[in-house]
Each structure stands twice: as C-alpha cells, then as structure tokens.
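In the two complexes below, chain A is the common chain; its partner is chain B in one and chain C in the other.
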Partner chain A sequence: MTKWLKPIASLRFTVVLLSLSMVLVLAGTLAQVNHGVWTVVDDYFRSPLVYIKFQLFFPSTIQKIPGGILFPGGLTLGLLLMINLLAAHLVRFRFTWKRAGSLITHFGVIVLIIGEFVTGVAAKEGKMAIFEGGSSNFTEDNRSVELAIIDPSPTDHDRVTVIPGSKLAGARGALTDPRLPFGIRVEQWMPNSQILGPMQATPDQLARATDGLGTQMAATPAPQATGVDNKNDLPAAYVTLLDDSGPVGTYLATVWFTQPQTVTVGGKQYYLQLRFTRSYKPYTIHLIDFKHDKFVGTEMARNYSSLVRLEDPSRNVDRQVLIYMNHPLRYAGETFYQASFMEGDTGTVLQVVRNPGWMLPYVSCTLVTVGMLMHFGLRLTTFVRRQNR
Partner chain B sequence: MRTATLLILALAISGCGDDDIHSYNAPKTPPPTQMQTPGPSLAATLPDSPSDVVWDMPDGWTESNSDQAMRAATFDAGGIEVIVTALSGPAGGILANVNRWRGQIGLDAIDEASLAPMLTHYNGIGGDVIIADMTGDQRMVAAIVDPGDGKTWFVKATGDPDPIGALLPEFTLFARSFRTEVKPATTSSPAGTGSEQSVLDRLGSYTPPDNWTRDPNASSVVAAAYTAGTGARITATVLGGQGGGILPNINRWRGQVGLEPVPTLEDAGGQDIGGALLVNITGEQASIVAAIVTEGDHSWFFKMTGAPSEIEPELPAFQRFVQRVGLGEDTP
Partner chain C sequence: MRIRLLVPIAAVVLALLYLVPQLAPRPTDSQFDLEAFGRIPVSAEGRIKPLDTVARNTLMRFGGKQTIRDDGRKIPAIEWLADLLSHRTSPANPSTTVAASLPIFRIDHPDLLDLLGVTPEQKKNRFSFDELFAHRDAITRQAGLAFQVDAKKRGPYQRRIVGLYDTLSRYIALSRYDTPYAVPPLTANEQWRPLGEMLMDGSAGSDEAAASLTAIFNAYAAQNSGEFNDAVADYLRLVRADLPGATRKAGYETLFNRMTPFYHASALYVYAFLLSSFAFMLTSLSKPDWARALGRGAIAVLVLAFFIHTIGIISRIYLQGRPPVTNLYSSAVFIGWICVMLGFVIEKLFRLGIGTIAAAAIGFVTLVIAHNLSSGGDTMEMMQAVLDSNFWLSTHVVCITIGYSATFLAGFLGITYILLGVLTPVLKPDRAKALARMIYGVICFAALMSFVGTVLGGIWADQSWGRFWGWDPKENGAALIVIWLLIILHARWGEMVRERGVAVLAVAGNIVTSWSWFGTNMLGVGLHSYGFTDSAVFWMLTFATSQLAIMALGMLPIALWRSTGVRAINQRSPTPRVATTSA
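Here is the complex of A and B:
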C-alpha cells in the first residue's frame, strides 16, 4: 500500500502540480481579455480539462499562432493536489507535537480546496428586481439564459417549460422533447447581441423573422463581454417553431425584449421569451420603499436601501426588513444584498446568493493561521531554549 | 484504484446541473402588452441618474442653427460642418454605424475583424471615445462617445481629405471633451444645516484655529483665505451654480497637482462628511483637499492647498472648518 502511495505522495509531484497551477492561473487570467470572467472560471478553473490556445500568450495583432494544448483544469489540479497532500500524510504520518502545527496548516489547505469545490458545485446566485409597490418570488441569473415556453391555459398557474441557453447554443436540427408543446429549431444563436430598431435594420435583417417582434426589430451578433469590461452578455436567437405539419413561424427571441411574445401553435396560445435563467422561491418579497441618497449637490450615490416585506407562508414568516449597503438580509440559507436599482429610482435590484460553503474559507484561514503560529512558535521556543543552554 | 474512483466521482458531480429541458408550474404572469421596450430586464450596474452632456467648443468654431430634428448641435469649423447627434443606448453598435457611414462615402461594408484596425481609442473627460477615419468619395472622421449618460453621442465631419486631416486634432479634442454635467442641486440648503444662517454669516463669525492667520486680500469670490502655521493655504470660495461642475473642478485640481483626470465622480474617491463631499487629491509635490457645499443657487468650494507634509497636520482642523462653516454643524 505504502509502496503504491509513495510516488503519489512525493514532493516532486507537488512541485509539478503547483507549477501546472501557475500556468493555469496565467492562462485563465489572459483568457479574460477575450472572455467573460464567469466563462473563464467555468472553463479553466472548474473543469477537469481545458484546451489552452497558444494564441492566448501572444497578441493576435502581432502574430497569428495556430494550435493549442489540452491542459488539466482547476478541478483536476485541485483534486490531485488534495490527493497528493493526503497521501503524503498517510505515508509519512507520525503524530508528534512538533508536527501538530504543520498538520493543522495542511488540514486548513484541504478545507480551502473543499470549500472551493462546494462553492463551484453548489453555490447559486441570482438577482431579484422589484418595482416599488411590486413583489417578486424569483431570481434571475444574468450569466445564463433560458428560452421559456409558457402555457397560460391552467386557471391558477402557468405551465412553464424552459430550454437552457447552453442547449440552444449547441442545438443541431430540431429540438424535440416530450415536455415541449412543439418542436423548436434554432436558426441562429447569438451569445451576445445588438438590437437594431426599425430604422436601423435593413429589410434583409427584418426578413429573418416571419412573425412577432423580429419583423420590426433585428438582432445582430456582438462580441462577447470580456473579464475586463464588466458587462453582461445579452443573447438573442432566431428560432423556428414546428408543429406536426412543419414550420409555424420564425421568431426573434432575445433578452432585449422585456416581455414575452404571444405565439399560436396548433390553435393554442403560448408565451415565448428568452430570459435570464429564473429560479422560483417559496417566499415573496414586496418592495415597500427604495431610497437612493446622494451627496448634497452631486449625483454621487451615498446610500441605497430597500424596505421590504418578507412573506413566507411555508415558514409562517411575514415581517419587514431594511436591506442596505453592507447590511444584507440572511434568510433560509440565502443572503440578499442591495445590488442595484431600476432607472429613475423606481425599484430595487437585490443580489440573492446561496452558498453552503461560504464559511469554509474562513475556517480554512483560521486553521492555517493557528497551524502556522503553532509551527513557528514551537520552532522559536526550541531555538530560544538552545540559545540559553 | 481508489484515486481513479475519486476522480470519476468528482467529474460526475461537476457534470451535474440544470442543463436540461425541464417544466414547472409558476404563478400566473400577466399577458404581454403590445408595447415593448427594448432593454435588458436587469440593470447591470449602479448607474447614477442621467445628467446633461456638455462639451468644450474649440476656438474659431461657431455653433450654427440646424432645424434637423436628429441633431443635438451643428458647428462650423472653418467651413467644415461638424455634426453632433445622440441616440439612446448603444445605438446599433460600432460596426453597424461604421458601415452606415462607409456607405455614405461610397465604401463597402466591413466585418468585425476589419473593424478594429481602423478605430482609434481615446480616454475622454467623460468616458471612452472611439474615432473612425475613413476615405472614400470624401474623407469622413466620426467619433463615438460614451459620456456615461446612457446615450451614445456621435460627432461627424465630412469633406476633402486635406482640410479634414487638418481639422482632426481639434476634432479629437472636441470629442474628448464630452462629459456629463451634474444637475443643479435641488436642495436649497445643505443637509444637516438645521440653521437659517448662511455660509457667509457663519464664515463672518468663524474663529480659526490658533495657527491659522487670515489673509486680508479676500474678494467677492474668495470669501476667506487663511494660511496655516505649516504653510498650507485654506480658502473658501463661492461660485454661482455648480461653479463649472463638480467633476470638471476635481479634474482641474487633479491637473494642478500633476494627476491624470478621472472619468467619473466615483473614480475621484471622496468621503461623506455630514452631507458634503470631501476629496483628497494627493500629488507628489502638492496636494489639494477640497469640500463642495451647495447652498441655494451657488456652490461653496472649501479648499486647502500645499505640500503633502503641510496639508497632513491640518486635515482635522480643515474638516472641522468645513463642518462648522459649510454645514453649520456645532463642532468643538
């Protein structure tokens, strides 16, 4: 067993893994010139493998370089580092007080790696936008989109079927699914788009949609937002709806449109909307008042605050809460931060974060600090004792 | 073997997600109305409310009247017409606009890849400025300016190649001068004043710290000036309206101590002292600490200038001065 573990536990392996991690961090940082920060986090640091293009390391304006290399992603490296660390302790484990500090420090590092893994897998983030006097029971994640097909025929609720944006992006041919009321063919997918008004779009661009708002406005592809410009992608898609007899019509669906479009397939009415990915909550937040205080004589923000009513029949909760900068509401495992507001101060935007692993980095830092203090403290006492002899 | 199992497990977990078509019941949504406002459904940042956009007209240019509805302004720059227009949002994007302009001077449309080399990027006072220089039947220079008011501003001049080339430096400076002007304050007295006394009244009855000496040469603009024992100079100046705007003033001061201008008020830093904005601009040789207080239809600028070493010890006294005189607070 030990013989088998030894190579995995070797310090040489640690050094190799740390070196690879450095290369990955460099590549991931450079990749943000062309890609959004969350795309990079997912592609480089939370994936098992990543294809790193050589071009990343040279400006394309100077020299075009083809090719790339398949590289272990953050998930693989993190996992291997953890295995390496655990194996090292298994092979060389001898508990002495002298080694206690080092053991605690290493345990802290393991907690940190686990913390990032839990965050990567389980953390959920979204925004809740509410107008003054209005209420909301869902969050939207503006890093991803979904095509929602809403059947409003039930009297007391809507039946919603959603197709994730990632599925639309990679769709080849018609998308059919027993849960979908009709087939959908993606004619064009735009990860980020510009909208052209009736006066800006050419007749050809307007002719791409046969029905709906796309006959008055057109969408054209835009470069995706990168890690350096702090903007969101606003995707768009031209989709053809298909019933049993064939195409019904081609529509432009885009997050630029703030309301769903009405479509009729097989004599039945549905609403169609490309929107930021929603998650519905068991509670409702009502916005009573939003305040935006400014420095006197300027337009510079001094404070934002939202007075809300939190209503959760499932937990018998109905109370008022004031959410303001640095004073979030923590409820049902989620944290509500004051994040933004609607134009003209007419409403608020709350950032809703659920991260079961949020405590782990703190635990890890505490362990590492305690471990290092113990380790160096013991070294210091030994040194002082020797000097005194 | 155990390692392999662990790896497979980790990969399997990482592969899980809501990446498939799914259905659920949701509360009823109101049926869509016919009116659609294009615009993403979430505000992405914390923007300040829109303000008016201003610019610096170069010497020798004259503003001419134009009855064209789309135009925000038209200038005569030595016989060349310079047109300013503004459209809400990104206005179709850079490529669409550049291709529209190319069409106007008889050039073919280009694609995204060919776009980048023909654009020059500048930092303007109010935000990013992109200038396209194109020559077809005529030469056209066009600037796309984002001064941060939620609109895209276009500045355009068309003519023979040589005169346009000669105009280009001035044209660039003009485009870079676009910025948002903060709106006049709506409050008639600063927050927290609580007294009917004006700043001028309070200044008259103000007793400066022991190591400050009052300069006799105050004027109607510089209402009071002091020199501190350390050598720092303190002034209280009153100007009509916004005194040219908060940001332009901050940028002017930054220029005086050898710092680059900042694009927005947020970047200028600043500290809230009981309702007034206090900015501390530290250069290598000289520093300026200033507070701006709006009173009715005029603004008070409290300013301390000097070497960083002269300013540092006087900061608490200066802050008390602003709070007492500018904001009417009872400070010890």
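Here is the complex of A and C:
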C-alpha cells in the first residue's frame, strides 16, 4: 500500500502539480482579455480539461499563432493536489509538535479547496432590481434567460409557463408541451444582441417579425461579452407561435424589452417575455430609499445605500434594514449586497447570493495563519537560538 | 578602536549636512507671501487640499515637474498658480498673461510635435499655453476624431492627442475658476462651490469668501504685495474660523509638499547603499575593522533615511485618514519601507552587511518607481465606494503589499547570491549558507503574508459582493505569487533544488510579483485595475528580461562560478537522500 502511495505522495508530484496550476492560472487570466470571466471560470477553473491556445501568451498585435495544448483544468488539478496532500500525510504521518504547524496549514488548504468546490457546485447568484417605492420577491440570474408565457385569465393568479434559454438555443423544429397553450418555433437565437430602433433598422430587418414590438425595432447578433467589458450578454430570439392550423405570427423576444408583449392566439390573450431566469422567494423586499452620494465636484461615487423593508410572513419578519457597500444583509441563508443602481438613481440593484460554503474560507484562513505562524515561528526561534549561541 | 565610533558619526554628520539645509524654509526674494497663499484650502477631485498641492499636481501632470525653468529662473509651482488665477498681464507682452507664456507643457511624441509645426532638429519639447492655443483648431479636430474611437482601442497617437486635449481643457478650467471648488461652505448645509460659477451668476460679490478670494487675485494682478499679503492672511483667518480641521490639514500638507520626505529618503538610501557596498568590499579584502566601522555608518544613515521615509508615510496616513496603501503610488512607497524594515531584521540576525545593502537598494528603487507613478496628478486621490473600508485596506491590502515586499527582497537576495557567486570569488561557503538561509527565511515570511493577504482579499470580496473568489486577474496575480512561493518551498523541502536553485527561483519571484503588481493592471480587466501608461509596459518587460538574464547566469554550470567554495553544496550528491517534508 505504502509502496503504491509513495509516488502519489511525493513532493516532486506536489511541485509538478503546483507548476501546472501556475500555467493554468496565467492562461485563465490572459483568456479574460477576450472572453467573459464566467466562460473562463467554467472552461479553465471548473473543468477537468482545457485546450489552451498558444495565441493567448502573445499580445494581440501578433496574430495567428497556431496550435495549443490540452491541459488539465482546475477540477483535475484541485483533485490531484488534494490526493497528493492526503497521501503525503498518510504515508509520512507521524505526530510531533514540530510538524503540528505544517499539519494545521495543510488541513486549512484542504478546507479552502473544498470551499471552492462547494461554491462551484452549490452557490447561486441572482440580482434583485427594485425601483424606489417598489418591491420585489424574485431574483434574476443575468447569465441565463427564460421565455415566459403568461396566461392572465385565472382571476386570482397568473398562469406562467417558462422555457429555459438553453432549450431555445438548441431547439430544432417546434417546441411543444402540454402545459403550453401553443407551439413555439425558434427562427433565430442570439446569445447576445444589439437592438436597432425604428430609424436604424432596415425594412427587411423589421419584416422579420410579423407582429408585436419586433415590427418597430429589430435585433441583430452581437459578439458575446468578454471579461474586459464587464457587461453581460443580452440575448434575443425571433420566435413563431403555432396553433393547430399553423403559424400565428413571428415575434421578437428579447431582454432589451423590459415589459411583456401581448399576443393573441385562438382568440385568447397571453403575455410573452424573454427575461433573465427568475427565482421566486418566500419574502418581499420593499425599497424605501436609495442613496448615491458623490464626492464634491466629481462623478466618483462616495457611497451607495439602500434602505429596505424586509417582509417575510412565513417567518414573522417585518423590519427595516440599511444595505450598503461592505455591509450586506444576511437573511435566510442568503446574502444581499449593494451591487448597482438604476439609471438616474431611481432604484437599486441588489446582488443576492446563496452559498452554503461561505464560512469555509474564514475557517481556512484562520487554520493556515495559525499553522504557518507555528511552523515558521518554531523555525525562527530555533534559528535565532542557534545564532546567539 | 576609535574608527568604530568616528566613522559612523562622520557618516551621519555628512548626511545631516545634506539634509538640514534642504529642510529649512528657502528664503525668497519675493515680497509676496506665496507660502501662505499655498496653504489656502480648496476642494478638488473630491478632497480638500491646499492650493500648493493643486499647483504642484497640475504642473506634474502638464510637464512632469513641480517647478518651471524660464530664462534660467526657477519658478515655484505656487507662483505659477498665482499668476494663472490672477490673470496677471505679462510685462513683456501686454496682450497676454504671464501664466500663458510660461513653458509648462511637455510634449514628446514626434507626431504631436509635427502637428505643432516643430521639427525634431529644434529639440523643443516644452510649450506655453499660448503656443499650443495657436494650434487649437488642429488639436480640436484631431482629438475629435480620436474621441470617436473606443478608449481602449485608441492607438498611441490618438491616446496622446486626447491627452493633450484634456490637458488644455484642464488649464482652461483652472483659469476660469471651474476647478478647483475654491469657495468653502461657511455655513452648515452648504457645499464647496467653484468660484467661476458664482462669478457667472453674480453671487460672488455677496459671498464673503468669494469676495475675499477675488480680492487676493486682484491684489496679485496689480502686483501689490502689501494688499496681497493682508488679503491672504484675512482669508486664512476666515476659513480657519469655520473649517479649523481642513485648514490645519491643508497647512500641514503644504509643509509636507515642501519637505519632500520621499525624495530626501531616496537620496539617503543611495548614500547608505554606497557605504554598505564599500563596507562589504572591505570585508572581502580582509579589513575587518574598517569594514565594521563603515557598516555601522551605513546602518546609521539607513536608520536616518528610514526615519524620514516613516515620517512621510505617517504624514500621508494623517492627511488621507487612511491606511498606508491606497493606490499604486503608495504601494511602491510602502513596499520600500517594508523591505528596509526586513533588511534591518536580516542585518540583526546575520550581521553580514547584506541586509543593509538590500534595504538601501530596494528602498531607493521603490521610491524612484513611486516618483514615476506620481506624474498622474494627485497621489492622495479618493477611493471608489467599494474600496472605502479602512478595515480591509489595513488588513488585506497591507498584508498583500508586505507579501510583495518580502518576495522582492528574496529576489534581491537571490540576485546577490548569483552575482557574487558567478562573477566574484567572495561567496565563501559560510557566507553562501547564510545568504541561502536569508532567502529561505524571507520566502517563508512572504508565503505567510501573501497567503493570508490573498485569503483576506477573498473574504473582503465575499463581504462586498458575495463572491469569495472570482478568478479576477488581480486575484489570480496574487494566487500566482502564493503558488510560486509554495513551489520554491516544496522544491527545497523535497531537495529538488539546493542553495543556488532557491536563489534562481527567488529571482523568478521578482517577475511573478511584478506581474501581479503591474502586469495585471495592463490587461485592463477586472475590478481592481487602475489606469495605466505605455511606458510602464516597456519598463516591466525590461525588468522581466533583466531577471531572466540573471537567472540564466545563475544556471551556468557550477564549475564556471568564480566562487569555488559554493561548488560542493550545489553539486548533486551521488546518492540523493530520501526526500522528507521536514527540512
């Protein structure tokens, strides 16, 4: 057993893995010049394998460097480092006070890797946008969209059916579902789009939609956002609604339109909207006041803050909270951060994060600090004692 | 025996002979109390600062200097600002003002010079406002074209023409009193206001402060020194009564500007470096008494330099009300300071003179870097809202910066090991062993501070936007340093590298650290990036190349090293010992 473990537990293996990690982190940084940070995180740091193009390591002025290399991704390297670490301690485990610091440090590192893994798997992020005086009970994930078909006919509620954007993107033929009142055919899917106003769009572009807002405005595909732009994609789709007798009409659905459009199928009215994927909450947040202070004589933000009222009948909660920079609200396993604001300071945008692993980095940091201080402190005192002798 | 005391005393006396006259207030032949004028507090770029700072920063921005040379006369920044704000007519040419005819703008780009009708043979790179304004149509047209290109995609010429346009606008805004916001709030619920706006809407006459400011400018324009001095004194009394704190700080900042502590500290670091290098040479020439005496002299001068450096840092902390590191400029100042402190610790432990050399050299270089980073204007600018947290600035940022410092120090010691070993015979085995120990110890410290600093940064990010680790370039840069240090430590523990291997790897640490410190900003990605200039890219590449060259030197076959004593330790033993984690 030990014989078999030895190469896996060797320091040489550690050094190799750490060196590979350096290359990966560097490549993952350089890749952000042309790709969105989330694409990079998924491709480089949370994947088992990644193809790294050599072009990455050259400035954009030197184009067309051919080739690349298949490289272990963050998932593989993290896992291997963990195995290496555990094996090393299994093979050489011998508790002495001299080694206690090293043990604690390495345990802290394991906690850190687990923390990043838990975050990668379980963390959920969303944004909650609320106008002053308004309220909201859902968050939107601006990295994915859904097509919502709303049937307002029931008197006490709306019947909402949603189709995830991923389904629209890969759709071949018509999408049908017993829950849907009609079939949907995706004519064109745009992961990121540009919107053209009535004066900008050509008649051909406006003719792509037969009904709704798409007859006045058109969408064209845009390159997907990169880490440099610090923006997110704004998808759009041309969809044709089909009833039993065939096409009813082609509509432009896009997140550029903040209000649903009315569509009539079989004499009945529905609302149609492409929106960022929503998740509904058992609580409601009312925005009482949003403040955006600037430094005198500049456009530079000094502070943003949102005074909100948190109302959760299921937990008998109804209280006021002030959320501002570096002072989030933690509630019901979720954390609310002051993230952004609406144009003209008319409302706030809160980042809402559920991360079951959020405590782990704190634990890790404490362990590693204590461990390293013990380890290096012990060495230093031994050394100084020897030096003074 | 006597030289033990005499040499250090002589060294310090020499340093003081340089220092004291520099710090004493300079006598001026001017009858105008411009020093007092410079203490007038105004609000600019979001903070309250004295006019003296506005004058210096503006000139730095325009021409990279804080004084103007005109016909052999040195004009201080504040005098130029007084000329500008008073619109004093030029005695030589009544159709223009003094300020507009002074050569304060520096332009180097050949295409821009071409635009201004200057040929390279004329060797002219300094221009007055009048000279530039004569070309306003061409400049406006070119800048207009460049403005249509996305800021990130502009070429060097476009960036410079936009820069020139901004510079001229800034000058005009100053001369029209649009900036700074000069009129203070004398009652509660008031804000700082620009004087220009109040002159336009006619409210300047009825406002005590605005009227008083106008009186100062008028007196200066008429060159009436008595009236000017009285008006300035009256004005300072007025603002002191209502804004005592701001006035006191502005006064202190003026003093701080005049003292230029970082400049003097860097001069003393050069002196300490020469002394300590000389001492080190003498040790090698077996003149122990003189070497020790000079070494003590070097330490004494270093202490003096460090003291002045410290005063500078404390002054900035007081003026800003912030922890020491708030931007790139202050990080350079702080890295130098920490390296000097670590140099003292090393010197105390090893007493070889190497700690002093390293401290003095890094102290000097970082202050020069800081000086070059200050040309962007105010080095005490306000913080973005998300960074507005003294707790995290003083924990995460300070830890990370200490980590940078220690990694650079280890790199410097690595360079010392390689250069002494390859080029000279003086790297004796015991000295080599001590140097290797220093490198190792500093790397351990660097690993601790970098790791803790990086994780604290993650925790800050978790506090402010709910993401512990976002794989942002600056975060990755910090992670690279940590991983690199861990590689060195584990390679050493596993006996994959010996003394010189650690030295070579430590030098590579310099490249990794400079990448994290500067390189990631050049990518223009991520929440952490500050603005950046082209020349920084050039200097970083030069630095990286030089470090690679030193590493190559260090990897020469050990038989070629001139220090023969270190061969044995760095050669592979025929039967490698079994690797263990306990080193």
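Keep in mind that, in the parts below, the second predicted complex is superposed on the first by the 330 of 389 C-alpha atoms of A that agree within 3 Å, B and C clash if a C-alpha of one lies under 4 Å from a C-alpha of the other, contacts with A are read in each partner's own complex, and residues count from 1 in each chain.
By definition in this document, a residue touches a chain if its C-beta (ideal position, glycine included) is under 8 Å from a C-beta of that chain, and two chains touch if they have at least 3 such contacts.
Because the structure is a prediction, the values reported are computed rather than measured.
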{"item": "Superposition on chain A - do chain B and chain C clash or fit", "value": "clash"}
{"item": "Contacts of A:T298 with chain B and chain C, given as first, second, both or neither", "value": "both"}
{"item": "Touching partner for A:Q320 - first (chain B), second (chain C), both, neither", "value": "neither"}
{"item": "First (chain B), second (chain C), both or neither touched by A:S364", "value": "second"}
{"item": "Partner chain(s) touched by A:G115 [first = chain B, second = chain C, both, neither]", "value": "second"}
{"item": "Chain B versus chain C as contact partner of A:S153, first or second or both or neither", "value": "neither"}
{"item": "Partner chain in contact with A:Q351 - chain B first, chain C second, else both or neither", "value": "second"}
{"item": "Touched partner set for A:P48, first chain B, second chain C, both or neither", "value": "first"}
{"item": "First (chain B), second (chain C), both or neither touched by A:T382", "value": "neither"}
{"item": "On chain A, positions contacted by chain B and by chain C", "value": "230, 295-298, 300-302, 304, 339"}
{"item": "Residues of chain A touching chain C in the complex", "value": "10-12, 14-15, 18-19, 21-22, 25-26, 28-30, 32-33, 37, 40-41, 44-45, 88, 92, 98-99, 102, 112, 115-116, 119, 125, 227-228, 230, 295-298, 300-304, 325-326, 328, 335, 337, 339, 351-353, 355, 358, 361-362, 364-365, 368-369, 372-373, 376, 379-380, 383-384, 387"}
{"item": "Chain C residues within the chain A interface of the complex", "value": "43-47, 152, 179-181, 191-192, 194, 349-350, 382, 384-386, 388-389, 392, 437, 441, 444-445, 447-448, 451-452, 455-456, 458-460, 462-473, 476-477, 479-480, 483-484, 486-487, 490-491, 493-494, 496, 520, 523-527, 579-582"}
{"item": "Chain B residues within the chain A interface of the complex", "value": "3, 6-7, 10-11, 13-14, 16, 18-29, 31-33, 36-46, 48-49, 51, 90-93, 95-96, 112, 117, 182-183, 185, 187, 190-191, 242, 246, 265-266, 270, 272, 275-277, 292-294, 299"}
{"item": "Interface residues, chain A side, partner chain B - complex", "value": "8, 46-48, 61, 75-76, 79, 83, 117, 120-121, 127, 129, 137-138, 140, 142, 150, 152, 154, 156-164, 166-167, 175, 177, 179-180, 194-197, 200, 213, 217, 220, 222-223, 230-232, 234, 255-262, 271, 275-277, 280, 295-302, 304, 339-345, 349"}
